[in-house]
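Paired with chain B in one complex and with chain C in the other, chain A is shared by the two complexes that follow.
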Partner chain A sequence: MTLVAYLLLVFVGAYVVAVVEEWSTSGRLRPTAPLLHGLALLARESLTPRRHDRNLFEAGPTLLLVAAVLALVALPLAPGLLPVELATGALWLNAALVYVAVALLMAGWGPDGAYAMVGGFRFVGQFIGYAMLIVMPVTAVAMRAESLATIAVVESQAPLWNVLAQPLGFVLFLVAAMAVCFLPPFDQPVAAAELAGGVFGEYTGVRLVVVRLGRLVLVLTLALSVTVLFLGGWLGPWLPPAVWSLLKTLAVVLVMLSVGRYLPRLRTDWALEWGWKLGIPLALVNILWVGVVLLVGPA
Partner chain B sequence: MIQVLFVVLFGAVAIWFAYKVFTTASMMRSALALLFSMTAVGAMFLALQAEFLGVLQIMMMASEMVVMALFMIMYMMNPGGLAAMEMTHQKRLSIAVAVVAGLLAVGAALFGGWPLATEAVAAPAGQTRELGLEIMERSMLVFETAGVTILVAMIATTALAIRRPA
Partner chain C sequence: MSPLQQYALLFGMAVATVGFVAMLYLIARSFGRTVAEPAKDVPFTAGTLSRSPVWVRYHVRYYGFALLFLAFDMEMAYMYPWAVVYREVGMVALLDMGVFLAILFLGLVYGWSQAALRRQ
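Our next item is the complex of A and B:
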């Protein structure tokens, strides 16, 4: 029953993300557009490149969706609304998100085409840049919660949300989350203008539906993880806990989808350079800050 | 019973992908096969109720293999790793070594007389805690030495790779 309710909410959430994404690019709010686009894509022919690697070509988009869902199931919407209660939930989130890079590498290499291949490797380059900025802020969050369980992480924020307790970690994680979802300004792997769609340029018809769905669930997953790790999850007055989770997640989705539209695209090598030379030292400062506060702060 | 079934299943998957590493003629397929073999080993840990170890294996191996694939292909005269490429050499010798090592491993597994490691499996959170205490107490010197050694190696490699004016 919990699982059904959770999946239903996730499905609705992914749909809302699709509506918001359309709104953030075109400025028009059309609640039926994703449904119509999806149906149109289902009816369209699904072309395959001439000499593609069948296993990798077919498995890539599926793995993207699977990785996003696997990361999602460790995140609670409310105290009882959590499909899988793992003692190592925060670590599991990291583990599942790595497979996004694997999925894009497979989808990029599988079609045997230059544009897709370049896009796939660009994402791996980006992955090297952002990977530590996902792991290290999560480490600091787990330090404060003294647990890797996501329920305990939310409960540890009852006195003060992590966004205020460790703002540096919040900013780093949010930026890295946008890089995971290859949202602008980190959309070099799928650069439509320059690589003709990049990683997913060769996907059409029903396969493109899987790609799009995977991407939407991924954005939802990252937004919910920002909510759970930094914005106090379901904590809030008056409204039911699950509603608070969804409202906060929606706010994060809005930020993630709209902020990048006002920034220039970030070159892969710059993303890598800033990730390592600026991001990692800042993440270390964040861990040190949290450690000091834990040791000398009020018990 | 179900636990044994899953351990055997994931073990078979691990062996199948490990076999595929050597039978494909492409760096990318080979690297990905190795990745999924390691992921299956991680799933075996999960099936054996070693939660922290399993999740860590699943995470570390994926990131390592992706980066390995990138570097492997970067240094080869094979644009994007799209061209076919023989992935083995010294076949007879390596098959012989693999068969002998495999038999030794199976022999050790069958006739090792393994003592019971623990009476009951600790709860997942307890396992993580015990591992943390082990790393920070008894085995601290070992881990610190290994960590500093790897750091020194990384700095030395970077220093060697920097191009200096002649």
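Our next item is the complex of A and C:
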């Protein structure tokens, strides 16, 4: 029952993300557009390139969706609204998100197209840049919660949300979250203006539906994980807990989708250099800061 | 729920997601099939098949980062259990991990000085 309610909310959430995404790029708010686009894509032809590697070509989009869904079900919407109460929830989130890079590399290699291939390898480079910025802030959050369970992480934020206790970790994680979803300015693998769709350029029809759905669930997953890890999850006055989770997630989605519109696209090697020369030292400082505060601060 | 049941549920979720995708494919199939027409199956490059093969060895110009990444990724495996017991163990934990992270950070600085953090 919990699972069904959770999945329904997720489905609605992914739909809302689709509406917001269109609004953030075109400036028009059309609530029915994702449904109509999806149906139209279902009815269109789904072409396969001449010499594609069938296994990788088919597995790429599916794996993207599977990875996003598996990462999502470890995140709570409310105290009772968590399908899988893993004791290692935060670690599970990381483990599932790694497969996003695998999925994009598969989708890049599969169609035997030059642009797709370049996009796939670009994303692997980007992954090496952002991966540590996902893991290290999560470690700092786990230090404060004394647990990797996502429920305990939210409960540990009752006195003070992590966004205020560890602002550095929050910023790093939010930037890395945008890189996981390859949203602008980290949209190197799918860069429309230079790679003609990049990794997913060869996907049409129903396969494109799966790709888009995977991307939407991924954005939702990362926004919800920012909410759970840093914005106090379901904590908040007056409204029911699940509503708080969803409202905060929507706010994070809005930020993630709109920030990139005002920034130039970041080259992979720049993302790598900034990630390693600035991001990782800052993430280590964040861990040290949290460690010292936990020892000297109030219990 | 026991951990085994939880992982069984997660496995079930993975299978169900794949099933959902298969269902979408079946729905799309019911609308009609793809018509084979000339040049429809050419990957997007310049309207023709690319002259040189695409499946070749690709120069991964970020391999310096990739090697450092392996070291940091291994280190994170130690960080998670440490983070969970950190408050319980206290000062000793901070010093232990401080030394460990300092060595690792020196490694990063050394790599940086040897131009590992650069597009090769």
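Convention: the second predicted complex is superposed on the first by the 299 of 299 C-alpha atoms of A that agree within 3 Å, B and C clash if a C-alpha of one lies under 4 Å from a C-alpha of the other, contacts with A are read in each partner's own complex, and residues count from 1 in each chain.
Here, a contact is a pair of C-beta atoms (placed from the backbone, for glycine too) under 8 Å apart; a residue touches a chain by one contact, two chains touch by 3 or more.
This is a predicted model, so every value here is computed, not measured.
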First, second, both or neither for A:A87, with chain B first and chain C second: both
Contacts of A:A95 with chain B and chain C, given as first, second, both or neither: first
Chain B or chain C, by number of chain A residues touched: C
Chain B versus chain C as contact partner of A:V171, first or second or both or neither: neither
Which of chain B and chain C A:A251 touches, first, second, both or neither: neither
Which of chain B and chain C A:L56 touches, first, second, both or neither: first
Contacts of A:I287 with chain B and chain C, given as first, second, both or neither: second
Touching partner for A:F121 - first (chain B), second (chain C), both, neither: both
Partner chain in contact with A:L105 - chain B first, chain C second, else both or neither: first
Chain B/chain C common contact set on chain A: 86-87, 91, 109, 112, 114, 117, 121, 124-125, 128, 131, 147-148
Residues of chain C touching chain A in the complex: 1, 3, 6, 9-10, 13-14, 17-18, 20-21, 24-25, 27-28, 31-32, 34-35, 40-45, 49-50, 54-55, 58, 60-62, 65-66, 68-69, 72-73, 76, 79-80, 83-88, 90-91, 94, 97-98, 101, 105, 108, 112, 117-119
Footprint of chain B on chain A - complex, ascending: 53, 56, 86-88, 91-92, 94-95, 98-99, 101-102, 105-106, 109, 112, 114, 117-118, 121, 124-125, 127-128, 131, 147-149
Contact footprint of chain A on chain B as seen in their complex: 28-29, 32, 35, 51-52, 55-56, 58-59, 62-63, 65-67, 69-70, 73, 80-82, 123-125, 127-128
Partner chain C, residues of chain A touching it in the complex: 3, 42-43, 45-50, 61-62, 65-66, 69-70, 73, 83-87, 91, 109, 111-117, 121, 124-125, 128-129, 131-132, 135-136, 139-140, 142-143, 146-148, 196-197, 201-202, 205-206, 209-210, 268-269, 272-273, 276-277, 280-281, 284, 287-288, 291-292, 294-295
